[in-house]
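Consider the two complexes below, in which chain A is the common component and chain B and chain C are the respective partners.
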Partner chain A sequence: MSLMTLAASGNTPSIPAPQIEYGQLSPMLIVFGTAVVGILLEAFLPRRLRHPAQVGVALLGLAGAFAAVLVLAIQGYGGTRSGLLAMGSVALDGPALFLQGVIILASVLAVLSYAERGLDPRIDGVPQDPFTAQAAATPGGEQEQLATRAGFATTEVYPLTLFAVGGMLLFPAANDLLTMFVALEVFSLPLYLLCALARRRRLLSQEAAVKYFLLGSFSSAFFLFGSALLYGYSGSFRLPEIADAISGTAPITPALANTTQNDALLLIGLAMLAVGLLFKVAAVPFHAWTPDVYQGAPTPVTGFMAAATKVAAFGALLRVFYVAFPGVRWDWRPVMWGVAILTMVAGAVLAVTQQDVKRLLAYSSIAHAGFLLTGVIATNRQGIAAVLFYLLAYALVTLGAFAAVTLVRDSRGEATHLSSWAGLGRRSPLLAAVFALFLLSFAGIPLTAGFTGKFAVFQAAAAGGAIPLVIVGVLSSAVAAFFYIRVIVLMFFSDPQPNGPAVVIPSTATATVISVAVAATLVLGLAPQYFLDLASKASMFVR
Partner chain B sequence: MSFLLTATCAVPAVGAVVTAALPAGTTEARRRTSRATALGFSVAALVLAAVIAARFSPDGPRYQLTESYSWIRAFGISFSFGVDGIGAVLVLLTAVLVPLVMLASWHDAAPDSGDSVAGTPAPDGSFENNRRTQGFFALILAVEAMVLVSFLATDLFLFYVFFEAMLIPLYFLIGGFGDRAGGPEQARQRSYAAVKFLLYNLLGGLVMLAAVIGFYVIARDQNQGTFDLQALTRAIADGKLVIDSSAEKALFLGFFFAFAVKAPLWPLHTWLPNAMGESTAGTAVLITAVVDKVGTFAMLRYCLGLFPNASKFFAPGILVLAVIGILYGALLAVGQKDIKRLIAYASISHFGFIIMGIFAMTSQGQSGATLYMVNHGISTALLMLLAGFLISRRGSRLIADFGGVQKVAPVLAGTFLIGGLATLSLPGLAPFVSEFLVLVGTFTRYPALGIIATLGIVLAALYVLVLYQRTMTGPVKASVSGMPDLKARELLVAAPLIALTIALGVYPKPLTDLVNPAVADTLVQVHRTDPAPVHPVAATPGGVTK
Partner chain C sequence: MNPVNYLYLAALLFTIGAAGVLIRRNAIVLFMCVELMLNASNLALVTFSRLHGNLDGQIMAFFTMVVAAAEVVVGLAIIVSIFRTRHSASVDDSNLMKL
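Our next item is the complex of A and B:
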């Protein structure tokens, strides 16, 4: 009573309470809340109940978040309405909402493939999931064996993943650089951990995690330093205010009078920010971590990273370049041209010599980052819409492809070396056909999702005056087609090895993932109109 | 709006799905069911194609029976179909050849027996093995559906999509099915041929994609943001869509590159001998007689229709390449030891004639080129399928392994000879008419090239007759002695083709009537008229100078 009257009468100097729009922030809040619930479950539930409970809670949380996204979309935030939330640090607009939807979809599929326990043979009657029994045990040591035999399972992966998802949802929606940085860290840290948790080949997995962590920290530091320089330039972390400072319409803060409008700060800051973001999208020359991490991480995690991280990072990249830096596009476009060309060419050419399916898909993801960058460079609304659509198509197909990789196994776990995939089309034509469909989609063959996406970004880039980029893109697609075809040849036209791997019949979890991906590949290839409209409506950033 | 064209494309597509979904061919009866199903669908497509040809009136507008359904509005793409005279004859050709190819390949895709590829134990009873028959016939139907869409599409993008997508079923046809006698080395060769085929054509297609995008962007900047062919050609003719000269040349080259790979034009032809040599005779016919026609058809419709000025600019260069192709293909055919590769090189030579006829830009040349597409399809199908029968009897593709066949299998030898004579354009058989028209059409504008190209005919006589002489005449080789003659099924394949060859050789008017208005329209699009006939210098009146 007394407090309220005091505040109302205004006698005490009050700290203004931040205004938080819980309803509009609900997708993120639901995911974070579910993650916290997951931690509590981990602490209090008996071991044998944890797996089903965690999977169920994670899926429920994601479904709730997706429902929230749908509600917001129905309210018009997917196109006509937009708003700034949480005192202007989070944007709610078409691209943010669209990408949040894509990230949640991708996460649902990822959680389903985490939950697969039918692939590894049971040990003492305990089903084994793709994650190590006890992350802290020395690989190959006695304790590991004990943990395995005792039926331990690292069910922390579910809350960890949900935290990562929450960060990813925030990343493309962040409207100021600090929020963006926090989001970056929130989704990166769980990913570093997840990479280290493979059940098989644990040393490789831990090595991948360390590499990813070291390089990722570097790139985060770049991002943070770039933000600081931009603050010096503009006096603000807010993206629209940075844009105002660039166009010279912002008031100058007295404390920063010496540094404001210093172009060196602007350009160096922008470059460092770009390094941080390009690292996350795996663009050349910041791609070196990708093949090692993709290969070492547990395959379901690789699928999750490849799909969701790329979506989130491209969302942030688009927002930064389209909201904060349209005024200096003549400065960043040439550099991004170079990066896009390098990324497309290097991704495609380096993939040609790969001998491991996961590394091959890693290089392919690099090449796709290059194709996506051509859409970013278009600097028009079509470019945004094209990138949004491409990300949707790419994310779903990628998850399907990695889920398919988990099914090809021999006695040592997944058989990812390409030579062991020889003749797979004879042994299990269904899986080989499905994987071939994913590869054809990656290669951009018409009537698949990949083609529609590629056409959309190239078309936008050409409309934005980047014809040479389109030509490089088309030629590197031809190179890329070579290695996708190579895998198809291997599967269908080579003879099976005598002791080659077998395809394990998955449980419904993985089967669902693959079916959804197949359906998406076909629908987005044959009848993409609805989704193109959706992306096109969503292609306006709020300022 | 009728649904005829959609139905024609949909029937084989549905057939492909149905055939693939039939129960696995574990018994001969089940395999027969799947073959008969596929054949039924292809015959249904033939009936629809005949209806198209019957309902098409040569005096009407260029594109008839048009239909249009929205597909991807965001890019201005629609399912638009329409048929012109050139499309109609090629649709007929496709619809006639596919059932015959199926009939000829009746036993080519039986499940592996014990002595399969690489000597590894046959995957007997495996899923893939039991579905070989269905897979083969379903893939043929898929190719047919896609080819028909390419001939009937009046939407540039729709055409592109199917032009490119048909590579995938073809790739599996080449790589997955071939003579399996040769062991691991042959399996490697076949996989190499399939990959080479796919990469060449994919590269061509991707270059075309860049050109399609560039064209769309230019058109949209002038408020013509559509892929509709009729709207685009109208806009170009009315001057509403102006493409500047250098851009037009670049776009033309982008399109032409794709079509020249597919056609194939020298020097982009090298995938064809591999693909035709390693695949089954049926697949080889499908490639050279049906699919490759999409390339030459598209040159005529898209290159000339959309980029008239660039076409005129590049025509002389293309003609030179075409003439080189005619002679090069013929010379290499003379030197081949392998029957199928010989026919492949002969085809390269013939594609040179077709392309020459198109880019000579005279009405005779282009009518001749269109007829040539049909006649080459028929005659090559005849020769290749008979060669396939011959090869399957002996288990070898080498010319040197045969000799004296006409004494043991006179009907086979006789029909083979007719196919050969058609290939060398014997007067009275269909190819003669078209080859003559192409040469005359070229001669009136480019006499020197016309004369050089005539050498191709001489070489054709050489490679065909030498092939016949070495395989069919002479003493009967021991390996050939027990060779059975043509069976009823094989005769059923050969007879319609022979009948067509003779009928169209004697009376080509039904085809020329269909084709001529479309050709005239194409020439109007490129602003070309036939050169006035050159009269011999009239003698001075009075005739005496001294």
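Our next item is the complex of A and C:
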């Protein structure tokens, strides 16, 4: 029976209208709606009004989405209730809601650091933000100078960011591979563009964008082919139905009886899907893009990318492995062990040799991806809770660290070379102390957010029987602590360079970002219990 | 014809695309190779759709085409802007950040 004859046979089946739960989907809908409003503002507002209007609208939209997440959490969706939305293609459960909250918080901070216009000197009385005046103008050309003088600004970054945030909200909630693929592209495409928009060092920025774009689309092609093979195996894109096909509880059709015999489809499909996801979380050996892109992209965008992308991608990774593939965990766990060990060790060891602060933070984010993977490998409820908490802590601290990097400047913009950070503690004790706090949190020193997170994932991994992994994790944490502390020593115990960089006093926007990050580092380190409870309540996936 | 042959063709096209991304230098050619990989996935999707007798795979293929079109818009914008700066689309020239 072919599809043609089905369609042509006399009794035309009625197509039931899909049921869309607008209320429960509202966090994503609000963000996408705000992004569309942002595009309209870009088209109709006069140029001088765009910056305040775009920032206001973006923050308002994100606040609305966060309120929607809170309402859903109060209704019990964070723990006791859960549901499948939009005909089963979007899941609303604890991990999805928790991560959506984290992503929105991170994007509020990111938008605030985008909006900073007090760092670059004014040109003809026009304040300059971190983004290029006109992306289409050749770097260093006449057109660029004219655009800068005329006070142009790339305010499209706000709607682009909101589209990316919308995709990120959908990514950890996607319950079928089609929705997941679309969400992956919806958040990746704006990020490729955002990378290319730096005001200073535009060549590096464009180079970062082209690298990120080519490697990112390469990896999403792997994701897509993996989804095709899994569809071939199970006859469905739904994660729970794939799980049923694996466990053999799916209703057997002749085609399914044939394809579910074929483990090659399942295992190759799973491997290719995992390549796509591991690329986004920057796990070794799919990390090659990370240092270059983090270094080249405008620093506020780097912060956004490092924090929010990792949260969204780990959400999707957890859902794929815990909802669709618990039945083949004996096949994927050994491979993920290898990936986690490689990621932790390579991230920590390569970071030691870095001479640039942004590259250092990039390798540190790779190492953190490895620590997070140990929580994924735990394959127990504790592991999910630990990863959720770790992501919250990691996202906030990362945004703070990158916001602090934007403040250390010389005449050519941000001074990111480590040698120019020497003696920063004497020039600006406050900023150096704050940055040192973030580094200590990354290193996992007790009483900071990073320690609580690391302790939680290692504890979960140990409970899940992955003791060797925990040992490797602790050892590479020690290596990582070495280079974090090296930066702290450099800042406080070496002499400042004679014509070194100055620390610019930021406006309220960046000051808010840094203060929130400091507060989060301390609260999640000193009194994490409330958030740990929240994460462990939220640690059940809906099937 | 046995539909499995189409799957072999899809796998072959995907491999050619992936090899092209790894071997070629020109950003535009790299990008075309990625598109080839996406189209190979489409072929696999419609073949599986036929095998299973449901329409999910064909719907996914439509979504893939839309996504590929969006990717072309973004990708060409980035590649053209870097070409205007450097007068070259070779990815080997983009090495400012090499250690």
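Assume the second predicted complex is superposed on the first by the 520 of 543 C-alpha atoms of A that agree within 3 Å, B and C clash if a C-alpha of one lies under 4 Å from a C-alpha of the other, contacts with A are read in each partner's own complex, and residues count from 1 in each chain.
The definition used in the following text is that a contact is a pair of C-beta atoms (placed from the backbone, for glycine too) under 8 Å apart; a residue touches a chain by one contact, two chains touch by 3 or more.
Just so it is clear, the model here is predicted, and its values are computed rather than measured.
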{"item": "First, second, both or neither for A:187, with chain B first and chain C second", "value": "neither"}
{"item": "First, second, both or neither for A:532, with chain B first and chain C second", "value": "first"}
{"item": "First (chain B), second (chain C), both or neither touched by A:218", "value": "second"}
{"item": "Partner chain(s) touched by A:477 [first = chain B, second = chain C, both, neither]", "value": "first"}
{"item": "Which superposed partner A:394 touches (first chain B, second chain C, both, neither)", "value": "neither"}
{"item": "Chain A residues contacted in one complex by chain B, in the other by chain C", "value": "none"}
{"item": "Complex contact set, residues of chain A against chain C", "value": "1-3, 6, 135-136, 138-139, 177-178, 181-182, 185, 189, 192-193, 196, 202-204, 206-211, 213-214, 217-218, 221-222, 224-225, 227-229, 231-232, 235-237, 253, 255-256, 259, 291-292, 295-296"}
{"item": "Touching residues on chain B, where the partner in the complex is chain A", "value": "70-75, 117-118, 120, 123, 126-129, 131, 160-162, 164-165, 167-168, 171-172, 175-176, 184, 187, 190-191, 194-195, 198-199, 202-203, 206-207, 209-210, 213-214, 216-217, 220"}
{"item": "Residue numbers on chain A that touch chain B, as the complex places them", "value": "425-430, 440, 443, 445-447, 451-452, 455-456, 458-459, 462-463, 467, 470-471, 474-475, 477-478, 481-482, 485-486, 489, 492-496, 527-529, 532-533, 536"}
{"item": "Touch list for chain C against partner chain A, complex", "value": "7, 10, 14, 17-18, 21, 27, 30-31, 34, 37-38, 40-41, 44-45, 47-57, 59-60, 63-64, 67, 70-71, 74-75, 77-79, 81-82, 84-86, 91, 94, 96-97"}
